[in-house]
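You will see two complexes here that share subunit A, one where it goes with subunit B and one where it goes with subunit C.
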Partner chain A sequence: MPIDIDLAYVARLARLDLTDEELASYEGQLQDILDYAARVQALPTEGVPPTSHPLPMRNAHRADEVEPTLDREEVLAQAPDRDGPFFRVPPFLEQ
Partner chain B sequence: MSAWEAVIGVETHVELGTASKMFCGCPADTTAEPNTNVCPVCLGLPGALPVPNERAIEMTVAVGLALGCRIAADSEFSRKNYFYADLPKNYQISQFDLPLCLEGSLDVEVGEQTVAVGITRVHLEEDTGKSTHLGETGRIHEADAALIDFNRCGVPLMEVVTEPDMRTPEQARAYADELRAIVLALGVSDARLEEGSLRFDANVSVRPAGAEGLGVKVEVKNMNSLRSLQRALAHEIERQTALAEAGEPIAQETRHWDEAAGVTKPGRSKEQSSDYRYFPEPDLVPLHVGDEQRDRIAASLPELPAARRARYRGMGLDAGTARLVAEGDGLDEVFEEAAAAGADPQAAATWLTGEVVAHLRRTDARLGATPLDGAALAALLAMIDGGEVSATAAKAVLAGVLDGEGSPREVAEARDLMQIGDAGALEAAVDEALAAHPDEAGRLRDGDMKLIGFFVGRVMQATGGKADPRMVSDLIRGKATG
Partner chain C sequence: MGDPADLTIAEAGRQLRDGGLTAAGLLDAVRRRASMTEAQLHAFLTIDAEGAAAAAERADAALARGEDLGPLHGIPVALKDNMVTRGVETTAGSRILAGWVPPYDATVVERLARGGAVIVGKTNMDEFAMGSSTENSAYGPTRNPWDPGRVPGGSSGGSASSVAVGSALGALGSDTGGSIRQPAALTGIVGMKPTYGLVSRYGLIAFASSLDQIGPFARTVEDAVGIFEVIAGHDPSDATSYRGPVPDARAGLAEGPEGLRVGVLRELSGEGNDPDVLEAFERTVDALAGAGATVTPMSLPSCADALNAYYLIAPAECSANLARFDGVRYGPRIGGDTVEQMMGATRRDGFGPEVTRRILVGTYALSAGYYDAFYGQAQKVRTLVVEDFRRAYADVDVLVCPTSPTTAFRVGERADDPLQMYLSDVATVPVNLSGDPGISVPVGVDRDGLPIGFQVIAPALGEAALVRAAAAVERLAAFDARPALATSEGAA
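Right, the complex of A and B next:
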């Protein structure tokens, strides 16, 4: 059963700038993945508890303790732009 | 007259007062020098892995229990995907379909009315960084850049979501006030609205009064005081009602409260929930809160604000005073000590919420930083009761105690405020007053008893307010008739 995908929309959500050729190529690939998922979905899962994590583990916590932080100069040096102690980025509030 | 009623739900974000961040060991201190509390995890650097802060989970469970929620034995973190420069991973670790706490309820008092506000869920997530938009005009939409500080990024953030159970701005404010009191009582956050460690958003719609369905929902943000929450809702309800009455459509949108203008304005358009593409966080294993852990947290809960107010009312306080004492910064402790030391609870509460609070406001001080304790307050009240200081002088004594001049007795003696209760000394003062005003003294002796007040005033003036006015009055009456 084919699933309708608006690949341009999905690409926009992921901030991917795709050409028409790429869109066409990925659409086929994504369709294959969804077809595979559809096959899994068709399996009888009655009595199988929903499992979002494959590991038989839970509660891998840490105590509330402070650890060393990174050096600010080193951190800011990784960024394309800075302004004093801040990262500087293009404005991002929509209006 | 209004044929429309409002339906309000409130979402509250609470920055938890943990030592470290939610998923890394950076200090959860948002006031530090910009970008100093950062590490590969909260900067979203490739390969960094989050590890949940156990204390934040326990704090969230405590709040859930205080709100009567069911604590989910099994819950999990999910990814909420969106692109924003203050969130460098491009997703926020939050909780989606399996939150920690579900289906609670909070009773909220509004005047004589009690409203049960349903709590949909309490979940745990991480805060974003702080952004400041820069521009020559200083106006956000003309900004040419934004500056980012990631100190706040990754600080544990608890979200409390209500059912749409409130109908008036007053109810929403009372809910917010009660939730804040609970958060403070549990000690899980400093809960400061102005600093943003407590943030309220409200979902508001209007519908014909008595209708079942819900109207188009508008989310109102940017209210940084309880007062502005109430004002913003009142304005928004008025705006929607006017549109509804005119038969015009109400847009589903996010609006920002403009405190100065007193209006809500359209903000960024809200993405659809499904656009966030939530999925279980693959970098974290599921959470499990066992019965034993839940019961241990439940047993460690302190007395909650509603129970405390009820207890204070049982001690004789009226509802308003009970609330002021229970919620005032440190007032409860001094009040309970004073009552335990034998002070009349209502008198202790009246002095605390009146003179003490006024003095603290004048001097911009916190009660905890002054030497006033319950024993000192009880001692002062005993001195008033025993006629050792007048009520007027007691205010000066209290000020002295708060300013660190010593015990009530020491201050009263040092400032020469002990009441003159010695009949001999008072009689001399009365005689002097009578001699100084022979005309009035003559009319008093002729039976003009209205002049007793005049002479009490003269004697009080002459003794610098230290005379016991009742004794003075009795003495003058004796002189007039004797």
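Right, the complex of A and C next:
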């Protein structure tokens, strides 16, 4: 079953700035992988609930008390770019 | 007199306590082994010589004071590079984290330190734990000490290779779809994936959060239990950490297989396995029956479909988890006029092909219009797998099948065929979906002298039964072969 995939759109959603050649080289492999994975669609799952997690989950609450946090300088020392106590990034909007 | 690098953890522990060995001396022995084998194997990304020497010194001083920190006191242990270590570079095998020095320790790292372990270094892995051969590392592949022309399995191939060759006595790996058990099988050692939630994931760089679980590599089942005891237990920093008591895995070591109800998992124990693998598997099952276990064939039809579902669920979770690597807070950045351009360029450059493929598959499977048909359907199949296991455990205590359908394959053999690579995990993936524990134990070698792994799986929190069966398999198989690299160097 051919799977309809707009790879350029998916790459944009994933913030992967792939070239046209790279997109083309992934396309066949992704078709194969999705064809294989899509065999789950043929299985009888009428009325079967989804499982998102192996354990029954409940919220993990704790008392609202101040606890030690990471050292700000140690964290910012790893940043590719910073401005004082902030991470610095390029503009969000084109100028 | 043997080389201390070849000791089991249990034996090294006895010698450390009776004064025949020091932690510093043991560290020297594994460092020597590493210096003789690393050029061929490349098991490590970072060797922390200073940190290890200081830890060994502390371990010796504590023993001299009469303080005993437990089964890993003074033992050299290797750590997969997706577990963060404060002050020691951690890359998860990816270029996108090149040079990153974490500002905190993973909970397992704290627990190892508290238990007196000596962390020797960070081991190589498939980038972000995505792969079955350790060829997907941005820093070059790891080789198999049984034959350096072959892969050690993956994704925890560096950890497996280091324990097999003796550059560590034990190691931690992470298992999302088989990444501990499969490399253990391919390198002739023991690898255990505990029940989901028993070992904290805090500080484990996330791949697929509902599947990821940290666990031990060692050369014996007893040693794997020793590591498990140190790292298991509730951690408030991991919201998915199990709150109840840790099962008594050690209790299973002493019990024999008499009366143990063993189910042979039919869908994974026949066709599709290499004949040598199957022969060693069946011989071991017969031995279990001969030793008093009750052996029953069990059919779990959904296990045949688990891998298909896994290759939607794991990429979907990875595409969300890996969104955090965007060039903002850590790692290298490629410039751009806008933040979106910067992120797109940084991620394109920072991720290798397999990680890129899985992000694309996962993003697609979660995208509007396709969610129900792909991710939603895979989650329902996950329920079928969980229900099949639950039904089976009404009749048996453990299930068994070969860990990997083949022994170690050649470097490069599956590198260009992602689907063929994925099939390496066909027998290991089902228990990641169900959250149950699994263990691989070496039981023989194939026609080329390459090790074969036998997998035992048990219900959630059934570590005692898991270890009972695994210890019986270990005794019955009496596997004592050693990899070419360890023995030739050991004799030198």
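What we mean here is this: the second predicted complex is superposed on the first by the 78 of 95 C-alpha atoms of A that agree within 3 Å, B and C clash if a C-alpha of one lies under 4 Å from a C-alpha of the other, contacts with A are read in each partner's own complex, and residues count from 1 in each chain.
Just so we're on the same page, contacts are C-beta pairs under 8 Å (C-beta built on N, C-alpha and C of every residue); 3 or more make two chains touch, one makes a residue touch a chain.
The structure displayed is predicted, hence computed values, not measured ones.
Q: So, A:65: does it touch subunit B (first), subunit C (second), both, or neither?
A: first
Q: For A:20, using the defined touch cut-off, is the partner it touches subunit B, subunit C, both, or neither? Pick first, second, both or neither.
A: Neither subunit B nor subunit C is touched by A:20.
Q: For A:90, select first, second, both or neither according to whether it touches subunit B, subunit C, the two together, or no partner.
A: Both subunit B and subunit C are touched by A:90.
Q: Can A:38 be said to touch subunit B (first), subunit C (second), both, or neither?
A: second
Q: For subunit A, which residues belong to both interfaces, subunit B and subunit C?
A: On subunit A, the overlap between the subunit B and subunit C contacts is residues 13, 15, 52-53, 55, 57, 59-60, 62, 70, 75, 87, 89-95.
Q: Sort out for me which residues of subunit B touch subunit A in the complex.
A: Touching subunit A from subunit B are residues 18-20, 24-27, 33-40, 43, 51-57, 74, 76, 81, 83-85, 131-135, 140-141, 143-150, 268-269, 275, 277, 280, 282, 284-288.
Q: So in the complex, the part of subunit A that touches subunit B is made up of which residues?
A: By the definition above, subunit A touches subunit B via 13, 15, 52-53, 55, 57-70, 72, 75-76, 83-95.
Q: Where on subunit C does subunit A make contact in their complex?
A: 100-101, 103-104, 196-197, 210-211, 236, 239-240, 242, 305, 308-309, 311-312, 319, 323, 326-333, 335-345, 347-348, 351, 356-357, 359-361, 363-365, 367, 373-374, 376-384, 386, 418-419, 422, 433-436, 460
Q: Taking the touch rule as given, give the residues of subunit A at its contact with subunit C in the complex, in rising order.
A: Touching subunit C: residues 5, 7, 10-18, 22, 26, 29-30, 32-34, 36-41, 43, 45, 48-55, 57, 59-60, 62, 70-71, 74-75, 78-81, 87, 89-95 of subunit A.
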